[in-house]
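Letters A, B and C mark the chains as written, and numbering starts fresh at 1 in each.
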Amino acid sequence: MIGKASPPAANPLRRTLRAIRDLASRLPQRHQSLTVIVGMAFVTAILPLVVLAPPLNGFGRQNDWLDGFANAGVFVLLAMGLNVVVGLAGLLDLGYAAFFAIGAYTYAYGASPFSGLDVPFWPMLLVGAAVAMVFGLLLGAPTLRLRGDYLAIVTLGFGEIVPVVFLNADTYTRGTNGISGVYQPVLPIVGNFGFGNPMPYYLTMAAIIAVAMILLYRLQDSRLGRAWMAIREDELAAASMGINTVTTKLLAFAIGASTSGLGGVFYASKLSVVSPDQFGFVISFTVLAMVVLGGMGNIWGVAVGAFVIYELQSQGLKQLNSFFGGLGLPPFHLGPLTVDLTSINFLEYQFLLYGLALVGMMLLRPEGLFPSRRRRAELRDEADAGAANEELVQA
Amino acid sequence: MDFGLLLQQTINALTIGAIYALIALGYTMVYGIIELINFAHGDVFMTGSFVTMWLLTTLGFQGTIKDPLTLAGVLALAFLVAMTVMGAVGVIIERFAYRPLRNAPRLAPLITAIGVSFILQNIVQSIWGPSPVSVPQIIDVQASFRVGGTPIRFLSIFIIVLAIALMVALQLFVGRTRLGRAMRSTAIDREAAQLMGVDINTTIALTFFIGSALAGAAGVVQGLYLGNTVFTAGFQAGLKAFTAAVLGGIGNTTGAALGGFVIGFIEVGSTYLGYTRWSEAVVFTILILVLVFRPTGLLGQQLAERA
Amino acid sequence: MRLLKLGAVATTAALVFTACSSSPTPAPSGGGGGGGGSVQEVKIGVDLPLSGGELPNGGPTLNGVKLAVQQISVPGYHVTVEAEDDAVNGVHDPTQGSKNISTLVNDPAVFAVVGPFNSNVAQAEIPVSNAAGLIQCSPANTNPGLTKGADGAALRKTNPTKIAYVRVATTDDIQGQAGADIAYNVVGAKTAYVVDDTETYGKGLADVFDSSFKALGGTIVAHDGAGKNVTDYTSLLTAAAAKNPQYVYFGGVTSTGGGLLRKQMVAQGMGNIPFGGGDGISDGSAATASSFLNLAGPQGDLNTYSTVAAIHDIPNPDAFKAAYKAAFSTDPGSYSASAYACTQIFLDALKAVGSNREAVRAFVTTTAHKYDTVLGSISFDANGDTSQHIISYYKFDPTTKDWAFFKQKDFGTAG
């Protein structure tokens, strides 16, 4: 109701942004899949060219960028999956990395010298997603009846347990050493995905994201999607409207988990090693920050948010490092622990920035950078809604 | 001999349990009054241990203080400073991060709490660095007396007694004083309390102050006991303390204290049985099982469930 | 100038020792080289943890590389150092390592890479450098699985015959033996208690200590694992104390609990039990903030032993130390000389075969080649492991408040 009528914007920039947002949201739902395909194809085609232009070409070669983009894609996938749980269904999952780990280990079992198996990558994508989904159901079935904040803590506990199990069940997981030498994907015609050549990974990731995005959009607009949002906004009301809240929440959980598993399979195949220490709370937290900052409930917003945040943390902060590093001043001139400007690592402040962004976002713009309209309406409390209405009236 | 070992491990469990219990009280009080899992609470505890470290090193203490009078004075000062500073930090966090979101959907303050947790960690990290740092152990860590040949450390006894004293004081405060009554009534029905003349904002701020001050006390205790702290110490301790609060029945202060000791026994028990590698997994599995099968905890919630 | 003297001394020493070996290295040409003609810009890549709590490990190691590059000039080339940091939020990170090595692979000026420091980072990097044929030399990796057996083979799957990873540090299977040797033969302990930090390096080392100590005839009273989240070792130690161990061995690094463990042993009245660990706790004097000795505290550092998986009696230690101090105003770290040696080997190769990556890789990994390095004469076996199996033994010295070297032992071709 707030979004439909465009209030006169204070400045042209805001007006343009609003116009773009409206345009994007008005794309006919019938053609949504097509829009995603065209959009992803466009982005996929243009990104490798963009990084050739200054100043980006100064920060790294095209291959470095594509390698980073493929890594970022993993987080885009994770964020889109968590968005189903947090953004659409309104359940706080703080152990999301556990499903990522399960997906990654599933692939490592299916295709590594450790198990002796060599199942091709493509079916393993589905297997990884399915296994993660099963674990999502196993965890969700007993716990989703709990109140929302209890669920947060249960998932947090689960996220802590899973790496401990991978670490200590060393007969089955090779413990702390992890499983190394995990096979890389093979395409029927193109052949092996090499380490030095990130392009196949980049394209594969783009395709996976496109497919996941289409499926998620379709889910969101389905009966199930509407049920998720109904639960998010008022669980009691949703239940009294005849929605089976437990099953509906369970499905959100399972779909989120399977998307995470998908990301895990890709991650394992690209890094070629899985070990328990790669899947800690930091991953869960980073993905949550991406979802919140991107705009809970908005699929493409979350995807863009994840991509931007990943690139900022892996490239942006690094550029600050090399900027100050470039100023010269050899370190260690004042004793081994005196840190001079050269050795300040801005990457270290990544989590401080996340923390500030989360708090600031919740206080000032809880709907995220790219809000979903319905979510925005919900997250703004009455006072804000009133103010917005006043704005409308004055117009 | 086996009895001696059992006795020693019991003391160990009670000592570490006392630390968890002190942290758990803050979780349970805050949850009781505004139904928020204050994820930043573990980091308040961690920050408290750093404040202690900073205070003691600034005062020039490096090791054991021999003179009992000086020791008592320095200890009192350490607790006073850490509890006041952390209490104030708690109030500030509530004022700026949680109060504006009091009427927002529940997800919002929960996410803010996680953000605050990371902010605290990173502030501490940028001041004192990411490596573990030594905390001066001003109480002689080795001094002990013997029970049937088994050495029992004074330090452990001091920690257990202190924790229990703080808990009793808290019970008396909540149960017997006017402010305590305000807290209880706010927890039961915020609006009704307001109508009865309770200043809601002050009461909630007070709750944060007390809870955070107790976490600060736990920080001092941790420093004295382990002689060491690190900026990530709050996460695991906080998670375990929260488990303790849930185990005891969230919102229930007696339950939180009991839960803390139970977690201490579970941890030490898994070591005793030779499963140290699994102790984390055991604690969190218990958390999940309790939440699934007995979400009201061992002693049950004292709060009315608000829809 | 000091550099040339050092190089010359090392070369002479090596020539004396290996008089009849077919050293392919031409004697360093006197003078600063690189006089006329076109000078080619080439880079030595470095991947180390360079921030947070691991800076004390990575920083001095990087300095070793820098010192070598400053001191040794190769005619026709201008060599610079391109350093990447694999620590994220203060902790070494395999994903970051993988990305760093890819970045270095994609930089055509990089002809060789020194690093990484940590074994789990190496697991993610070796497949990348192997596929690219870019030679990597680790100054500090000690996990046996990186090169040996089926694990090693799995990591270099792309080009199984073209080894692209060598290391000058001796592997943990030997360092663990050395730890057991200290416990059993130096200290004379017959029973030992082992704690590991559940991480790749720590558990690997502790497991070897465990089996070697038993092989020597000792008894392991218990072997526990406590990850880096564990801060309270009290109950572990109470349980261990009841079993009266004569020695306590810690497999892990300072940041995962080494210092705490030792400190809490004192609190438990176990302070007089000798304590040992690997190079993970050999990280500077008690004056160094957050070092093992610093955290273990005023009483906790007595009777403590550590090993470093590298030669201590380098052919000319004073010259190296002086040169390092002149350049960086501090004493070298445990792996500064190792990093210097890696760089020396690369510069030898550059001198001999030019900057072509494959040529450098093939040259360095030729098992017959011997290199006269600051560590003495080194060659690599078919897996890329160093032929030098020397472990240095250190004991805490209460007067200097620092580790004091007391012995080095050559474990020969064993392992």
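Criterion: a contact is a pair of C-beta atoms (placed from the backbone, for glycine too) under 8 Å apart; a residue touches a chain by one contact, two chains touch by 3 or more.
The model shown is predicted, which means the values in this text are computed figures rather than measured ones.
Trainee: What graph shape do the protein chains here make by touch: line, ring, star, complete or other?
Mentor: Chain contacts: complete, every pair touches.
Trainee: Quick one: point me to the chain whose Cα centre is farthest from that of subunit A.
Mentor: C
Trainee: Where the centres are mean C-alpha positions, what is the separation of subunit B from subunit C, in Å?
Mentor: Averaging C-alpha atoms per chain gives centres 41 Å apart.
Trainee: Between subunit A and subunit C, tell me the centre distance in angstrom, where each centre is the average of that chain's C-alpha atoms.
Mentor: For subunit A versus subunit C, the centre distance works out to 37 Å.
Trainee: Hey, how far is the Cα centre of subunit A from the one of subunit B, in Å?
Mentor: The mean C-alpha positions of subunit A and subunit B differ by 33 Å.
Trainee: Would you mind listing the residues of subunit A that make contact with two or more other chains?
Mentor: 167-168, 348, 351
Trainee: In subunit B, which residues are in touch with two or more of the other chains?
Mentor: Only 125, 130, 277, 280 qualify.
Trainee: What positions in subunit C touch 2 or more of the other chains?
Mentor: 52, 89-90, 198, 225, 227, 289-290
Trainee: Which residues of subunit C touch subunit B in their complex?
Mentor: Residues 52-53, 89-91, 198, 222, 224-227, 229-232, 234-236, 238-239, 242, 254-255, 259-260, 263-264, 266-267, 269, 271, 289-290, 294-295, 297-298 of subunit C touch subunit B in their complex.
Trainee: Quick check on the complex: what are the subunit B residues that touch subunit C?
Mentor: On the subunit B side, the touching residues are 1, 4-5, 8-9, 12-13, 15-16, 62-63, 125, 129-134, 137, 141-142, 144, 151, 153, 155, 222, 225-230, 232-233, 236, 267-268, 271-272, 274, 276-277, 280.
Trainee: Quick one: in the complex, what on subunit A touches subunit B?
Mentor: Per the touch definition, subunit A meets subunit B at residues 86, 90, 92, 94, 142-143, 146, 148-150, 152-154, 156-158, 160-161, 164-165, 167-168, 236, 281, 285, 288, 292, 296, 348-349, 351-352, 354-359, 362-363, 366, 378-379, 381-382.
Trainee: State the interface residues of subunit A toward subunit C in the complex, per the touch definition above.
Mentor: For subunit A paired with subunit C, touching residues are 60-61, 63-64, 67-68, 71, 112-114, 167-168, 175-178, 180-181, 194-196, 198, 271-273, 275, 277-278, 282, 314, 321, 330-333, 335-337, 339, 343, 345, 347-348, 350-351.
Trainee: Help me check something: in the complex, which residues belonging to subunit C touch subunit A?
Mentor: 50-52, 55-56, 59-60, 63, 85, 87-90, 94-95, 98-99, 102-103, 105-107, 120, 123-124, 127-128, 130-132, 143, 145, 150-151, 153-155, 157-158, 198-200, 203-204, 225, 227, 284, 288-290, 328-330
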